[in-house]
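The same chain A turns up in both complexes below, where it pairs with chain B and then with chain C.
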Partner chain A sequence: MEPLSTEERRKAFASAKKPDIVRKQRLPVRYHVEDFDVTDRPRRFLQAFAAILKHTNYRVALDHYVRVSAKCARCSVKCQVYLATGDERDVPCHRSELLLSVYRRHFTVSGVLRARVLGDAGLTDDKIQEMAESFYNCTACRRCYFECPMGVDHGLITHLGRYILSEIGIVPRALAVSVREQLLGATGNTSAVPVPALIDTLEFLSEEIKDGIGVDVSFPVDRQGAEYLFLPAVSDFLMEAETLMGNATVFHATGDSWTIGTGYFDGINYGLFYSDQILEHVVKKIQVEAQRLGVRKILIGECGHASRSAKYFYPAFCGGKDALPVINIMEYTHQAWKEGRLKLKAGAIAERVTYHDPCNIARPGWIVEQPRELLKAICGDYVEMTPNRRDNICCGGGGGTVSIDEIQPYRTLVGGKAKADQIRATGAKYCVAPCANCKKQLRELVAEHGIDCQIVGLHDLLYKAIVFG
Partner chain B sequence: MPVFECEGRMYEVDEDGFLQEPERWSQDVAKDFAQTEAIADLTDGHWKVINYIRNYYLQFGIAPMVRKLCKETGYKLNEIYQLFPSGPAKGACKLAGLPKPTGCV
Partner chain C sequence: MESWIEFGRGPLFRIAFSLMLLGLARIFALTVLGLVEAYGRSSDKIVNWREVRNQTIAWLFPMNRLWRKRPVYSTISFFFHLGLLLVPLFLAAHVLLWKRAAGFAWPALPQRLSNYLALVAIVAGLGLFSGRFLYPAARKLSRRQDLAWPLLLVLPFITGYVCSNLAIRPTTYDAMMLVHVYSANLIMLLIPFTKIAHCVLAPLSQIVTAMAWKFPAGAGDRVAATLGHADRPTWVKNSRMVQAAPADEVSAK
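Showing the complex of A and B:
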């Protein structure tokens, strides 16, 4: 891959639209942060760090990482951000070292003693600023994890770094505003969709399906005792009509009972990107709604981070082994198809199709082959990107950065450059990206790079291939 | 709070230039905001989209689903992008006086 030219780099790193705000907050970052206390930041950072260490088990991981981290920079060959910028500050283990050095200096006995002897003053304001910038340049895609010979999970360290920063008020405004609406707002979801608008949208989608394929497909709302509680990324109700139509049509074909709950219908959980506390509060909203409706399973729509946050953290925060099972809609559809309860027409999609693996579901090896098998069943011309599956390249908008409009040039020109090259090389007409995050980012990416490829969800295509009767 | 000034008229806006006082909206306000979106002249096509979004917002408290907007106005998505270069969620909603959409939109 070619490194960026000076002009491209200048464009990508152009500072935020409101430099006066940035100056006031003394933060050299490209994303907006709400007003917060700028005094005495190192002390407050360390206090937050200490509190997090006390109440979580991050210490186990950090103790291990500070010992084994060799800073060999092998991870750099896997990092699309580093490969695009060529800037050593974007090497994953360089970024992790920002936080690990604070841990070593302030929270290990040897570090404290060494500082006494050598007269090291410790954490400075400049270093906090460096972290505030650096941790949001990473997309937390965790591809570097596979390359690290010592097994250091840089994605985890990025997550922890952001968590501590958020505790002292440094969190991108785009994420904070959405989460505030979700936890405290009247609508209780990140895109502020009120229930009457949801109902109107669902009625509209039913009509669209009737007009399109002549089948009466309903979107059940608040059905007590349904098998599945369906939680897509709430933005799907604004942006992804065809994905939702495909989801509902699959259920119509299988005949299983499912429902959308008016009490809570948002799968999005930005806590995964910056705060474990938020993560817990949001996951518990799912539990409340599941109990209200008496459902037996949690079903997450086409969204990578929503799926991962529910799959791994619903059991963690909502009952452990007794928690309701969490599955993704692609797993469900794949299972139904395997069991013969869903019939698909072979060759329904004639155009060339490729598949983008969302990091949050592909990296752990969770949902990799299921969508591929479905696509191969309905597509006449299916091609793979290279690399793919667990080794896929991130869309460039991972880790919540896709919601931050201020850094769009950075996302499309730096973070997403490798992905754009990948999509172009396939020559595909459709790129299936079963994730609300990835879809938004990839659409901006193909527009910016002038690639003639339509970004769709998996169920958008399945919708055209379902056979009834 | 940043202020957007247009020929002596002052509007309170957020960091992305979205109107903060939705009740102040009028067609003149939309005209003032059009220049921030690099739209030289508001045509009938623009008004059709803006009015539909505005009325939907007054009824339901949010912008309509993109597909519904396309269907009701008769424009394809790429035609809406031609009218509003930054798209339905950002450009069109801004001119219709809606708050900035949040979440993965």
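Showing the complex of A and C:
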């Protein structure tokens, strides 16, 4: 990959923050942070770290990682951020070492003894600033995890580092504001969509489908006892009309019962990016709505992090093995098509199509082949990006960074540089990215890099290929 | 000097070897206990054992995946490990020492193969050391132990090779043997306390990571309560503007 030019580097790392804010918060990061207590930060960071270690399962991993981490730098070949910047501070193992060194120094016997002997003062405010910068330069895509012979999960470290920082008030304002609306606001969702607006949108979408393909497709709302409770990323209701139309049309074709709940209809969970507490509280909102409507399954829309946070954390927070099953809409559609309950027109999409794997669903090997099989069934010219599937490259907006508008130049020039090259190389007219975050990032990316490619969801294309009757 | 050598490969070896085994057993047991505790604490008992097993085996025998990236480094590293594992355990002279001391032994490698493997380990070790300076991503990452280990590890190989293959004066031989024996003992003593502990911990890596992602229910609220801001969670505006109450029950060492 071509290294960044000086001009690109300047643009990517330019900060729009006012110098007096930086001075006041003693935090030279590019993202905005709401005012917080800046006094005595190292002590409070360590207190938060200690409290988290006490109540969670991170300690076993940290103990293990500090013992085995060999600093071989293999991870460097997998990090799209390091490949773009060439800055050694962006090597995943270096990023993780920021936190591991704090753990070793303050929470292991050998570290404490060593510090006594050598007179090491311990965690400094400078290091906290470095972590605040570094952990939000990482997109938490976990691609490096699969290249680490020692099995160190740098994505886990990034998550933990951000969690500790959030407990002392350091969290991007964009994420904090959305979560506040979701957990405390009148609308209860991250995009602040009120229920009447949701209903209007759904009616509008039904009319659009009627106008488009001449079929009466409804969006069931608050249907008691439905099989599936549908939760897309709430931003889909504002920005992804065609994806939702595709989702509803699939259900119309299969005849299965599904519903959107007016009590809670947002799949987004920023807790996955920076706070276990938020992760749990948001997941429990799904549980409350599922119980209210008496549904049997949770169905998440086209969104990587929403799907992962529900699939892997709904059982953790809502009853373990007895928890309701969580599936993704692409799994559902694929299954229905396999069973012959959904008919698709071969060759419905003539233009060249490629597929971007969202990290959160592809990395665990969960949703990899299902969308590909569906696309191959309807596309005349389907091509793969390289690398792909579980080894995909992050869109550059992962880990919640896509929601932080003030770092957009960083995302498109650094985080997304490798992805832009990949998309360009396919020559595809459509890039299917079944994830709200990836879509937003990739649209900004193709615009910045002047790539003639339209970013769409999987169901946007399926919508054009469903055969009725 | 000879009595020093005898001490090194007699009592000192027994101490160093035992401490190495005990140290490794300790950290292995601690990790397993940590895993059991983590599993018990989480309500999510769903573990993708197949994935854990496949990834573990794939990294223990990385012949298929190692060369996909950084092929030169990977080749050097692979053969370094091969020499490091095989020569100390299966060198005919070592096997003989075991037989004499413990009364039992195992088949040895042919001398010629041991010699080649030792040479490979020496060259590879020096290669890994150089790689720390030549590969930009590794340069800044390297700690003192990362630079010291390849050199320390090749030391008994170089001296051992010289002693068993070159015609040298008896005094030089003794000096070499002294370095050989004492560096090997030092390595054994250091293993449990350094990154070389991965020799027993590596098989646990995948399950450790899988367990760390099992977040216990209610942990987030308990963290907030411990920090004294249960009533002002992080998503309340400016909650951190107010100085957190002193968290008496938690203090970093």
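Convention: the second predicted complex is superposed on the first by the 466 of 469 C-alpha atoms of A that agree within 3 Å, B and C clash if a C-alpha of one lies under 4 Å from a C-alpha of the other, contacts with A are read in each partner's own complex, and residues count from 1 in each chain.
By definition in this document, a residue touches a chain if its C-beta (ideal position, glycine included) is under 8 Å from a C-beta of that chain, and two chains touch if they have at least 3 such contacts.
All values derive from a computational prediction rather than experimental measurement.
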| Put the two structures on top of each other at chain A: do chain B and chain C fit, or clash? | fit
| query | Of the two partner chains, chain B (first) and chain C (second), which one does A:316 touch, if any: first, second, both, or neither? | reply | second
| message | Applying the document's definition of touching, compare chain B and chain C: which contacts more of chain A? | response | C
| query | Just chain B (first), just chain C (second), both, or neither: which does A:269 touch? | reply | neither
| message | Contacts for A:436 in the overlay, against chain B (first) and chain C (second): which applies, first, second, both or neither? | response | first
| task | Classify the contacts of A:46 with the two partner chains as first (chain B alone), second (chain C alone), both, or neither. | result | second
| query | After lining up the shared chain so the two structures overlap, which partner does A:139 touch, if you call chain B first and chain C second: first, second, both or neither? | reply | neither
| said: Is A:370 touching anything from chain B or chain C once the two structures are fitted on A? First, second, both or neither. | reply: neither
| request: Pick one for A:173: touches chain B only (first), chain C only (second), both, or neither. | output: first
| Cα-centre angle that chain B and chain C span when viewed from chain A, reported as a multiple of 10 degrees | 150
| First, second, both or neither for A:196, with chain B first and chain C second | first
| task | Once the structures are superposed on A, label A:405 by its partner contacts, choosing first (chain B), second (chain C), both or neither. | result | first
| After the superposition, what is the least C-alpha distance between chain B and chain C in whole angstrom? | 14
| query | Contact residues on chain C for chain A in the complex? | reply | 27, 30-31, 34-35, 37-38, 41-46, 48, 51, 55, 59, 62, 69-70, 73, 77, 135-143, 146, 193, 195, 197-198, 201-202, 204-206, 208-209, 211-224, 226-227, 233-244, 247, 250-253
| remark: In the complex, the residues of chain A that touch chain B are 17-18, 21, 32, 173-174, 177-178, 181, 187, 189-194, 196-197, 200-201, 204, 208, 233-235, 237-239, 241-242, 268, 303, 402-403, 405, 436-437, 440
| Contact residues on chain A for chain C in the complex? | 34-37, 39, 43-44, 46-52, 54-61, 63-64, 67-74, 76-78, 82, 86, 88-89, 91, 93-94, 97, 106-107, 110, 112, 145, 147, 149-153, 156, 166-169, 171, 176, 179-180, 183-184, 275-281, 312-313, 315-317, 319-321, 364-365
| message | Give the list of chain B residues in touch with chain A in this complex. | response | 2, 15-16, 60-68, 71, 89-90, 99, 101-105
